[in-house]
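Heads up: the structure comes next, in structure tokens.
Labels run A, B, C and D following the written order; every chain starts at residue 1.
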Amino acid sequence: MRMSLGENMTVTLFGESHGPAVGALIEGMPANNELDLDQLISDMVSRRPGSGLASKRKETDDVEILSGINGGKTTGMPILLLIRNQDVRSKDYSFLPFQPRPGHVDHPINIKTEGAADLRGGGSFSARLTAGLVAASSISRNIIPKEWTIDATVGALGGLEGEEGIALAEQARKDGDSLGSRVDLVISGLPVGLGEPWFDGLEPALARALMAIPAARAVEFGRGVNAGEMRGSEHNDKWGENMTLSEEADGALGGMASGAPIRVRVTFKPPSGISLPQETFNQISGDDGGVSNQRKA
Amino acid sequence: MRMSLGENMTVTLFGESHGPAVGALIEGMPANNELDLDQLISDMVSRRPGSGLASKRKETDDVEILSGINGGKTTGMPILLLIRNQDVRSKDYSFLPFQPRPGHVDHPINIKTEGAADLRGGGSFSARLTAGLVAASSISRNIIPKEWTIDATVGALGGLEGEEGIALAEQARKDGDSLGSRVDLVISGLPVGLGEPWFDGLEPALARALMAIPAARAVEFGRGVNAGEMRGSEHNDKWGENMTLSEEADGALGGMASGAPIRVRVTFKPPSGISLPQETFNQISGDDGGVSNQRKA
Amino acid sequence: MRMSLGENMTVTLFGESHGPAVGALIEGMPANNELDLDQLISDMVSRRPGSGLASKRKETDDVEILSGINGGKTTGMPILLLIRNQDVRSKDYSFLPFQPRPGHVDHPINIKTEGAADLRGGGSFSARLTAGLVAASSISRNIIPKEWTIDATVGALGGLEGEEGIALAEQARKDGDSLGSRVDLVISGLPVGLGEPWFDGLEPALARALMAIPAARAVEFGRGVNAGEMRGSEHNDKWGENMTLSEEADGALGGMASGAPIRVRVTFKPPSGISLPQETFNQISGDDGGVSNQRKA
Amino acid sequence: MRMSLGENMTVTLFGESHGPAVGALIEGMPANNELDLDQLISDMVSRRPGSGLASKRKETDDVEILSGINGGKTTGMPILLLIRNQDVRSKDYSFLPFQPRPGHVDHPINIKTEGAADLRGGGSFSARLTAGLVAASSISRNIIPKEWTIDATVGALGGLEGEEGIALAEQARKDGDSLGSRVDLVISGLPVGLGEPWFDGLEPALARALMAIPAARAVEFGRGVNAGEMRGSEHNDKWGENMTLSEEADGALGGMASGAPIRVRVTFKPPSGISLPQETFNQISGDDGGVSNQRKA
């Protein structure tokens, strides 16, 4: 089993939710990129659980950079990022594998590995592994041209936007329940033609990466599921003068950047770990990303 | 630029819509699989354009098998599948690259390759390349256990199901317009635990492959975009006795088969090539898959 | 089983010695490279068997270019090169698999595939597959900077150089026997630092590619096996003024070009197919590259 | 730049000679393999420098296993092996990059990375990185069937075998010099047909891996460079009754195990770091593997 993403540059995740550590190994990083430690700390704090509507797990998420950096710059060699786990509670998961949690991989991975998987808190399937992913992404910020921008916002909570969504999430929390959500991305500034054909196109590559986030259930590009209800005369985006498109046009065509912003929506299921009594074995908290009640990861 | 999919077994597409040929090279095929030529012919006929609501291009789509087969069986070596193009109309595309078609990759690929791309009929981005993909899939049928089943149906045309959808598509056709669509897949019989973690999970892998089909705009798993509006208490699928799930449960959890059917929906935009006058350069037929008016590929 | 080489650019071989065709699929070729058909014809003639000390097989080796080329230039998409076999003699190999030829893969591949391999003339293991490799290399000449040069010469026949080696080979031929050989390569003009660390270094990458040529038994870099008998004070190549090295210095250090020419020697075993009677089943001609008596491929 | 080896199972090295750590990440390890910690300690001690004719660097080489292990067994997920550096002497290398050591990658990697490489002690090119490789190999022992055996011995020192070679090495050491060497491998017990064709054959795969060891200059299979001086009638190994070969026969044919032992010889150049005065900048100790005078890594 592997946890790698990327061709020219590769990020490989490792670690378990309640093992000694999580982290990432970056291969293919160009040499001579300055390391921005303040940015790294800031990005790790943004991801860190323990506040508001998210998981209550306590972690400082200090990142040890153990290779590939010299004198504050990348050397071009593999970069190892290590994050020690601190809030480790092995005994909390003694009910596994006999009472697999709903919506979790507990049972499938137990069968697949004939009992050898580390099931505690979801093991390597825990959203805790996004700590390594965030650290790797932060270290990679400098190699992305400044004019390429990615904007990610919570688009909806329980189908409602803005304040209404937040109110709904707080109500679900009070009820001991959880809520589905949607994240909206806008990627701008990519040069026309960036991308690859077919299976490595921008949409397939993004769909693969985004659907790998725990609890993701749908990914939409441009007009998404609404495109299925439209006519060509309505959906068609004409090339304007100087070969430009409107802001509403598809940002990727045939896997390649068209010059318009790429609009993506990712839908997440409600976290499976809730305290509302369903059955005894359903009361135990889980590890999903998203808006949860008492998750630990 | 590459057009390859798969790890243990790899399919690589090649060819251009109006070049000499299209096809596929299969690597990693196990030895000793019987070739079913009747099935291959039948699968190619199913894909072939020229009838009903689909493209009018005339192709016999004869498949030459040029390597990797001996005595009617696979030898384990790479299999080359070659399909000659017959209905080739280079001159029909003399308006390119100056008048790029809406919703097509004409302009981005022309910029990317500094004018070297074969733009005729979409070149390698044409839905004609699915001929190689279908041939490769047909040759691979025997290596999939009989109890694994994949059922694909047209779920909706223009947002309407069944007869209503067909009527809507016929009306769009009469109007010189095209219509969006949705294909529904149900994958059953996979053994519990089949899959890989994270980026190679069933959902990410399927999302990548499905989003590579020309004109795909959204892919949904299980309850899809509706999951974003649900509560955990409503969405949670409890493990029943003998560790089984209901038919409605997510068929993949953490990238691995749960034992329930995997339900997938793929939304396609309306084909961009329509005859309804928008602007001069919009009247030219395109190459998208889907329900079109006068496409040629 | 796969027959692929290369990361940024990949060449995949396909075909069998006595099947319908052999050839190569090139992925990752940059766009806008001019095709030199005269060079391609000349390169194929150089490789073609049928003359002098080499195999007697009759093949015209016409190369069909079926994708990835438009208007005499590469489009950046996969390039399919197809070479039909003409001198096909299936019946000559009816003694297989019962009497495997010495020094051939007949028996191992028959066991591996449980009888499904195409054994005729070595199948996919035949030196005939170098036809696809030579065609792919010829098509790729233009993407290599002019100042990078590769010079390959027959270094020795039966351990003797020049005229003496040729005389020895002619005598072996008269005796119904075959002779071992050595090819010497000198690679010059690579920019200092070209290469990768460890397993993808110049030496490991070249060693892999060269040891894949049928009948190769040893590969040496720089002073090769003689380096094992030297002292450091004797072997050390000092960096001169302007960081240059002598012509005798190692051309690759730690997998990266040092600025000195890279000197490589490849030793080939004597072709196994000889007419000199050993045992009945040894009289049958084989398919190795090298200096043979009556090989057919 | 990458430092990865393997397809079904992949080992990726990381770290620098005088950075915080070295180690390896193993992907694709099967689940349920027992960890043998005594074997791991024993294997690390075997590799550890500091004694006899080898490097004088002081390292305990304790291996931290930070992921992929639970309850003393592999879980099937990536295994991170971390070895902290202790005998780190950054200041010893202040002469770099101005006075690159002979036979080292100092200058090429400095040019390649435009000064960003970690040059101290060879950085990631140091033989110190074999610590990670040895740890990964030790962890992987259990997945190799017991009947597969690999025997590696020092075949020659300075061209002499046994006691004579040792005497020569001791004399070189007294002289402040170093000596070339040869390691002989015998791989036995592989099932007939194990391997892959062409570029992934046993010989190409072994040649790649072995030529990646720092200071390797030649790799030979079977009769090696001697095969170039032989006749076919002399070299041919006939298949005996029950399709067996003699012990002297080639152990791999066409990339696949023949049933005979695979005999491999690897020649290493004399370590470049010697104390014998050549020029000022030649007196500094290096990092090669092999028989050295005062190497530190």
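Rule of thumb we're sticking to: contacts are C-beta pairs under 8 Å (C-beta built on N, C-alpha and C of every residue); 3 or more make two chains touch, one makes a residue touch a chain.
Everything numeric here is computed off the predicted structure, so don't read it as measured data.
Undergrad: Report back the single chain whose CA centre is most distant from the CA centre of chain D.
TA: B
Undergrad: Could you work out how far the Cα centre of chain A sits from that of chain D, in whole Å?
TA: 38
Undergrad: Measuring centre to centre with CA averages, how many angstrom lie between chain B and chain D?
TA: Once rounded, the distance between the two centres reads 46 Å.
Undergrad: Rounded to the nearest whole Å, what is the centre-to-centre distance of chain C and chain D, using the mean of the C-alpha atoms as each centre?
TA: 26
Undergrad: Using the touch definition from the top, which residues of chain B touch two or more other chains?
TA: Residues 1-4, 13, 77, 112-113, 124, 197 of chain B each touch two or more of the other chains.
Undergrad: What chain pairs are in touch here?
TA: In this structure, the chains touch in these pairs: A-B, A-D, B-C, C-D.
Undergrad: Under the stated contact criterion, what part of chain A meets chain D in this complex?
TA: Touching chain D from chain A are residues 1-4, 10, 12-16, 19-23, 25, 27-28, 31-32, 64, 66-68, 70, 73-80, 82, 112-118, 123-124.
Undergrad: What residues of chain A sit close enough to touch chain B in their complex?
TA: It comes out as residues 1-5, 13, 100, 102-105, 107-113, 122, 124-125, 129, 156, 158-159, 172, 177-182, 192-201, 203-205, 207-212, 214, 216-225, 227-239, 243, 250, 253-259, 267-274, 276, 278-279, 281-282, 292-293.
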